[in-house]
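For reference, the structure discussed in these notes is given below.
Labels run A, B, C, D and E following the written order; every chain starts at residue 1.
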Amino acid sequence: MTKPLICVPGQRLCILDKTHESGQGTYERQGYIYSSLAGVVDVVDKDGVKVVEVQSTGEQTLVPTQGDIVTAQVTILTQDFCKCVIKCIGNTVLSRTYRGILRREDVCATDKDRVQIYKSYRPGDVILARVLPITEAHTYNLSTAENELGVVIAHSEHGYPMVPISWTQMQCTKMYTKELRKVAKVVPENMNTKT
Amino acid sequence: MAKQFKSLHPTKFYRDYLNQDIRPDGRLVSKFRPVIINIGSIATADGSALVRIGKTTVICGIKAELCPPKPEKPNEGFLICNVELPPLCSSKFRPGPPSDLAQITTRFVADLILNSGCINLKDLCIVKEKLVWCLYADIICLDHDGCIIDACLLVLLTALKTVRLPVVQYDAAIDKKTIDASVKKCLNIYNTPVSTTYAMFEDKIITDPTTEEEEISSGLLTVVVKDKELCSIHKPGGSPLSEEKLYECINETVNHADLLITLINTAVSECNDDNKNC
Amino acid sequence: MNLCEAEKTFILHGVEENFRVDGRERSQYRPMELETNVVAHAFGSSRLRLANTDVLVAVKIETDVPSVDQPDEGKIEFFVDCSANATPDFEGRGGEELATEIANSLTSAYRSTKAFNLSKLCILKGRKCWKLYVDILLLECGGNLYDAVSLAVKAALWNTDIPRVLAVNLDGNNVEMEVSDNIHECVKLDIVPAPVMVTISKIGEQCVVDPSAAEEQCATASMVVAVSQDRFTTVLQSGSGSLHPSTLRESLKLGLEIGSKLDQALIEVLKQKPAKKQIGFLM
Amino acid sequence: MPTDNKRIAGPEDSISYRLFKETSNESVLSKINNLKNNIRSDGRKTNEQRKIFLKCGVVSQAKGSAYFEVDNTKLIVSVYDPREIPKKTDYSLKGELFCIFKYAPFSCPNRRGHQQDAEEKQHSAIMKRALESAVCRHEFPNFQVDVYVLVLENDGSALSGAITAAGIALAQAGIPMYDTITSATLAIQGSTKLLDPTLEEEALCTIATHKSDTETGYDSHGIIVLAILSTHEQISEFYQLGNLNLDTLNESISILMNATKEIVPLVEKCLVDYVNKTFKANGQS
Amino acid sequence: MLQEIHIRLAETRDNTPLAINQRVPKIFTPGEIISEQQEFMRGHGTYEEDIYLKASVAGIKEQVNKLISIRPLKSRYNGEIGDVVVGRITEVQQKRWKVDTNSRLDSLLLLSSVNLPGGELRRRSAEDEHMMRQYLQEGDLISAEVQNVFSDGSLSLHTRSFKYGKLSQGVMLKVFPSLIKRSKTHFHDLPIGASVILGNNGFVWISPTMVNQEDNVGGFTQNLEEVVPRGTRETIGRLRNCILALAQSNVMLFDTSILYAYEESLKYNVAELLLPEAMVDVAILTQHKLNLSEYS
């Protein structure tokens, strides 16, 4: 293991030019790239441009931003939306959860008008969703209108885990009852990575 | 993935550990966390102590002030102890007035100190009906990782044992108080109540739980003993507990109490060595 | 009220050009209007209007026991009320933070003995003293609150009459005090050295004084200096923002200069014949 | 004051016994004279800071935390994840900091109340101002990051210590920051400028004294706290009390700038040690 | 430094009545009898009691045939369809913006009532909804027209014309809506090198005159690079102070009155126009000139 390059906030990392770009955990000021975190410097090559990043070694402090894929747990259902708590952003587990709301029209990509919330989600379900632009100050609008998004972990009415059997159905592993869900197509290998 | 799983299904995560007879922090189910006691760290206080149980950290500072006694109890002083759980110590607490937990803990600790008779308020009297000591014991939690009552009781007792009061001369005729700070007296502590907390999780009893364990447990139990005798039991609701299990807990507490009391006495004696004039 | 980027740019360029939106130069003050003795029941009062900023100050006096630490000093206490009338942002508890900040800055500014001598307010050492309650009511906010408030406070204190104490007797533990019956027999405080505050805002690369509400929004940092007879009694920052040390030195110098002028102008006005006719402050 | 029925209240008229202590022979004036002759009671040089002990990661429940100690001044800071700003519904592009500065009841010679008093509120406001320009607030719009400070024992320069410690705690919490922040206090009495004053020195420097026994004019006195973002040379907070002229202020700024620079390596070392430790731990797991 | 600091005592203020020989309209106070005859119809700001028609607000009588209404002197803006308003975005919501237009309730600007970049006939997609904050965000100023008045009095706005849209560099002033004189156009490119939008809602916008308005399609661009030259800036500053002077003396605001005030103010430098004496002076002279032109 090579010795890591450690930096602290405000440390000047390198000059900002055509071959160096400021990435995560850094900021630009007056032609230089500075670190904004205490952590380890990481240089990623992207199409010939070196993206300078700083990785925090502890748990990262993040708030959801537009476009993030988040893991959330459904709490309340209504006719028009379901409320959930956001527990992870990408691979990062949050130590404080944030409120999310998933509207009926954002559940599926197709057949928007025929979607019914209770046929897609139930309280307790763990879902993958994408963060929409922020309009209200304290609630994040979420969307699952993509194949890869939707329920990933759910329990049947009897309290046993279920497995997906189609795009819209899951089956209880114990009682073999079928329930309706908007199922996420689980990408094998590391399903939580940011796309 | 373990972290994600823990965040989404904490109970299941914990059950999986317990099925292997081990806790996420590597302890056995009935194992206590290490206790560290540090005394006299605050020079501005008349008595102080710091206690760590695992990661739980509490500090207690005692300030002595002078005041007239209550008319109905003319020869008794005051011991006012308050437990603060500031937002600093855990994200569970919000700024503002004390949380319910802080109020409950304050009350419990205050009652226990008065009822156990570990301190005699008459010792705090200087001149009957005129002047008594008022000891303000402020216990502040710096890091809340479970078993707050245990830590508070331990830190309060230790701090009380380090209190040094100056000699006061009082001339009632002209209301003149003279303080001689060169001679300082200890306080008499008649016994040392100590406590341990248990958490109930499904059919198991978990000793000395952390905050996470307290949160997923179905109930808590605090046993207070002094001189190998049961002093108080605090079981605020939660799932029921069989008599047999309760006895087990009491016995375990009695055994653990010896260790804690030895620890207090070692810490305090070190201080006394420094302070020969006591 | 939030400004949009284009409005901010317009203000910023104006400051750089040394021609502000209302035509002022960077170090120019807006005209002010002052009225004293507006509150009949107060011992001293004033009202100051600086463009849209409107401040009413009243001083009340009570007797009190000196604090144990300073037995030979009287007391002064500032209280700022940001009424929701001033701006809708103050509704509920919205103005509280600003109010405490202004009150704190006044307390700091008046703390030095040289600026305001509290020992003059002592009646009997350790037993009795005067306590001044300075109540400040913000009627309208149009920027530059600190300056306006400090000027109004100074004017109100200037007009404050303290009852003349004829005799003080000590009877056991009780202090008996005889106060002159004659209303006109009063003691005036020495207010000449009392501090005035100047806000210096850094907009772009330049420092301006007397920022309007819109200009305050464009400021990257603001300093408030309290000046008493060519010396600083308090310097603090208002709002977040950071400054280069050279900017700090520059703004301190500017603040001192403007502060002294402001003080001079105020005292000149206060020395004019006291007002006889009343002008209601609604006009 | 309204009665606080959520705590156990003591008798109303209790007073500290320290007030009745026989006053020491050395009077306040002679102490001030000593200061004016550049003699400090702990034998330090006027521009000498006390040795600083810094440690981060002391509160396990917090996202970031730091412990700061100089001599008898001891304080602890903890920082938590961004949370919703209570009672705020409109959209804001920048997040906020929420600071609470509190002296423990037993931290000062005289007992302090449980609720924040005016001084503590003012210190909280100063901390907020000082820290906000160091933090990339646009990274957490609509949210506030809580910064709590508890002074366990106060022996002077607690506010500047709290700002320095809070900077470390924020960095440890992984809150994006533009720079490390360091802060120092200077107390002035006459022509003497005392760096990193003790509590007693702070008290002595708030008293205005005559220039000499014959003169009637007052001498300079005051306290200055300065916080700086070291890399970008930006002063994020400047707070002064007392009565000083422009020259004294300008000199003081230079002294404080140097003093804060001396602290920077300590802060950096503290953070680098932390990163090293966690990096190794991550590598093992 | 040359500038003096002006602090004056309130007692030295002289409240010179504006234009002595001017026809001062009668001001009705609430409860005052307007008419004893019963043939009149009750309009806004009036009520009937016994046999009398009385005023319910303080203001000036306006009569259209038999309809009598009292226009309040001081009020929030009551919108009417077709009014030109200047407003500030206060909130971005689902498919609409909330706009502060000095009315009792915030006005609405629907995503479907704006011209989006790319032409009028463009279909609005979900992307546009997500882009709303890029088009207009909190704090932005717009000029718009009142499209509809809802039953609760709140307004719906539209910017579906090239002359409306997001405003760029300039100054906004707030005056009483009643001081804005209704006219054919509220957009004025004054010959002195500045443009003024007199919003019916009392918000007045002063900006440098746009050279090439055709570029401004859709109206979502702001030029932040351009530095307004000193000359134009002085004109804008002078206009600003003149309009405030007129508004303070309750002179109606329209292109002629503003231009007259501008001319009369030329004897002062711009900052001097902040002095109360100068403000009154300019207002009196303007009113005088207006009266002359009215009679001639």
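Everything below uses one rule, namely that a contact is a pair of C-beta atoms (placed from the backbone, for glycine too) under 8 Å apart; a residue touches a chain by one contact, two chains touch by 3 or more.
Which protein is which chain? UniProt says A = Exosome complex component CSL4; B = Ribosomal RNA-processing protein 43; C = Ribosomal RNA-processing protein 42; D = Exoribonuclease phosphorolytic domain-containing protein; E = S1 motif domain-containing protein.
The structure presented is a predicted model; accordingly, all values stated were derived computationally and were not measured.
Within the contact network of the assembly, the step distance from subunit C to subunit E comes to 1. Ranked by how far their CA centres sit from the centre of subunit E, the chains are topped by B. A count of contacting C-beta pairs for A-B and for B-D identifies B-D as the more extensively joined pair. The central chain here, found by comparing per-chain C-alpha centres with the mean of all protein C-alpha atoms, is D.
Taking each chain's centre as the mean of its C-alpha atoms, the one that lies farthest from the centre of subunit A is C. If you average the Cα atoms of subunit A and of subunit E, the two centres end up 47 Å apart.
Work out the mean CA point of subunit A and of subunit C, and you get 52 Å between them.
Here the CA centre of subunit A is 39 Å from the CA centre of subunit D. Subunit E has residues 92, 138 in contact with two or more other chains. Residues of subunit A in contact with two or more other chains: 94-96, 135. Each of the following residues of subunit B touches two or more other chains: 91. Taken together, the chains touch in the following pairs: A-B, A-D, A-E, B-D, C-D, C-E, D-E. By the touch criterion stated above, subunit C contacts subunit D in their complex at residues 68, 92, 97, 100-101, 103-104, 107-108, 111-115, 221, 223, 228, 230-237, 239-245, 248-249, 252-253, 256. Within the complex, the subunit D residues that touch subunit E are 90-91. Interface residues of subunit A, counted against subunit B in their complex, comprise 71, 73, 87-88, 91, 93-96, 126, 153, 192. Every residue of subunit D that touches subunit B in the complex is listed here, in rising order: 4, 6-11, 13-18, 20-22, 58-62, 72, 74, 76-78, 80-81, 98, 100, 102, 104-109, 111, 114, 146, 148-150, 152-155. Those residues of subunit E lying in contact with subunit C across their complex are 1, 3-11, 13, 15, 88, 138-141, 167-172, 222-224, 227-228, 230, 233-234, 236-238, 240-241, 269-271, 273-276.
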